[in-house]
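Labels run A, B, C and D following the written order; every chain starts at residue 1.
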Amino acid sequence: MSAAPLAAPRRCLVDLEVRYAETDQMGVVHHANYLVWFELARTRLCAEAGLHYAEIERAGYYMMVTEAEVSYRRGARYGDRVGVTTWLAELGSRFTSFGYEIHRDGQLLATGRTRHVWVRAEDSRPCRLPAMARSCFERLAGASS
Amino acid sequence: MSAAPLAAPRRCLVDLEVRYAETDQMGVVHHANYLVWFELARTRLCAEAGLHYAEIERAGYYMMVTEAEVSYRRGARYGDRVGVTTWLAELGSRFTSFGYEIHRDGQLLATGRTRHVWVRAEDSRPCRLPAMARSCFERLAGASS
Amino acid sequence: MSAAPLAAPRRCLVDLEVRYAETDQMGVVHHANYLVWFELARTRLCAEAGLHYAEIERAGYYMMVTEAEVSYRRGARYGDRVGVTTWLAELGSRFTSFGYEIHRDGQLLATGRTRHVWVRAEDSRPCRLPAMARSCFERLAGASS
Amino acid sequence: MSAAPLAAPRRCLVDLEVRYAETDQMGVVHHANYLVWFELARTRLCAEAGLHYAEIERAGYYMMVTEAEVSYRRGARYGDRVGVTTWLAELGSRFTSFGYEIHRDGQLLATGRTRHVWVRAEDSRPCRLPAMARSCFERLAGASS
């Protein structure tokens, strides 16, 4: 399963305030939280393209995570504001992937990627991109609108 | 809604290893995690009395938290093993409460209490202690078995 | 240790988007996350009164949580935006407490309170309200500015 | 930076009980928690080889995560017990990587890898494998003991 990377996908930038609870005893944000930030940015990206992920679930579909990877360069700290940028990186008929970058004051803190398959809630089986999500994902892919 | 405190409820002690991700930049376990530990101990207590909480949910009921309180005395640290003790503190027809104590090497770290109402999943409405959970909760209450 | 409740403390309202990771299998925000939201609102309240909590720690002090309580009325859901209001509820020489309310579309979801003591980082001992935090806390208390 | 994969590294299996708070509204464990489980298994692996990671930090070193990847096959559920296996996958002079597998009843749920660099706490700069950790990591690598 692979698909050509998208040339000019729509991007979304979410501005976040680091939460105290997100830090660990090393004094920086615990590395698992970057996946939570990615997810928040993914939600915002879809919402900005016209479809809140909550509606996708209400329609009986999940976009289940099958792979996640994060590359960490610098730690985010309590008191920081960070920007999480996300975009659709691949759009297949049965899977999608998203790319991510996290910045603070122009410095790159981390990059990442997640991969997802579409799953029908009723039988937990993989399925194709649901019709109700098609126009949103076309907009994310950067198709002429 | 109140009920007489129970005289000799069944107790359960769960032994936990502090996770790195549970610490914050103060170098101790973040205070919100104590509620997660309470919940884990509650699960174990019910399981030991014959009913896993997952079965309660599969039967269509929730034991929804309506109140939680924690009193913190000493911080738990990464590398510590802590013991979480829990017991049924009140058993009403529509609600229950549990008490908790957390120790490390004989020192009391925290105490707490949570209160719950029974809710039917199908309509999200409060209900009475489900019949399928009755014998478990009688055992928790310390009734002669 | 008690202090008269404050008559007209400064208030701060934080607008939050529920994160998917904050939900649990009951379909609502897991109850431990409310403490994380309270903490975020506390940070914002202090920052708006002129002192980021990160500066307090850099100056060598902690505002350690000694008690927390939450009363849950309705669950917050993924896709919701919620407002967390906080204010200084008590100001003692050695401790402080904060009050909290969480709303969604005018409906009260939860209320809470946390209590804190001042601790010197160097020896982990309780101390008085640090001089560097005094004017901030007077503003929080609603003293004429 | 790369190193030959290790032929017969020491392995550690940690048995975990899924926590309710670890689930999300999809009814399975939220994907970010797998990184927390990996970390717990890493701690146990090092402890079994004679060195608790807390001692490494007390000696003034961090094993900072620089990369993490997870591949998810099946979801873990509340009520499940899962086994997390970990091993040292690469041992360089300045970095290390660990491999992970998560199973439930003989079924593979997920695999993963994390990469770490050694950092001196005093100046936050990368450093070589600290002398105090050498014998532990040789045991992890499977050197004849």
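Of note:
Throughout what follows, a contact is a pair of C-beta atoms (placed from the backbone, for glycine too) under 8 Å apart; a residue touches a chain by one contact, two chains touch by 3 or more.
None of the values given here were measured: they were computed from a predicted structure.
A count of contacting C-beta pairs for B-D and for B-C identifies B-C as the more extensively joined pair.
Chain centre most remote from that of chain A: B (centre = mean of CA atoms). As a whole-number value, the distance joining the C-alpha centres of chain A and chain B reads 34 Å. With centres set at the average Cα position, the gap from chain B to chain D is 30 Å. If you average the CA atoms of chain B and of chain C, the two centres end up 25 Å from each other.
Among the residues of chain A, those in touch with two or more other chains are 20-21, 25-26, 32, 35-36, 39, 78. Within the complex formed with chain D, the residues of chain C that make contact are 20-21, 23-28, 30, 32, 78.
By the touch criterion given at the top, residues 25-26, 31-33, 35-36, 39, 57, 62, 64-73, 75 of chain C touch chain B in their complex. Of all residues in chain A, only 17, 19-21, 35-36, 39-40, 43-44, 52-54, 77-79 touch chain C in the complex they form.
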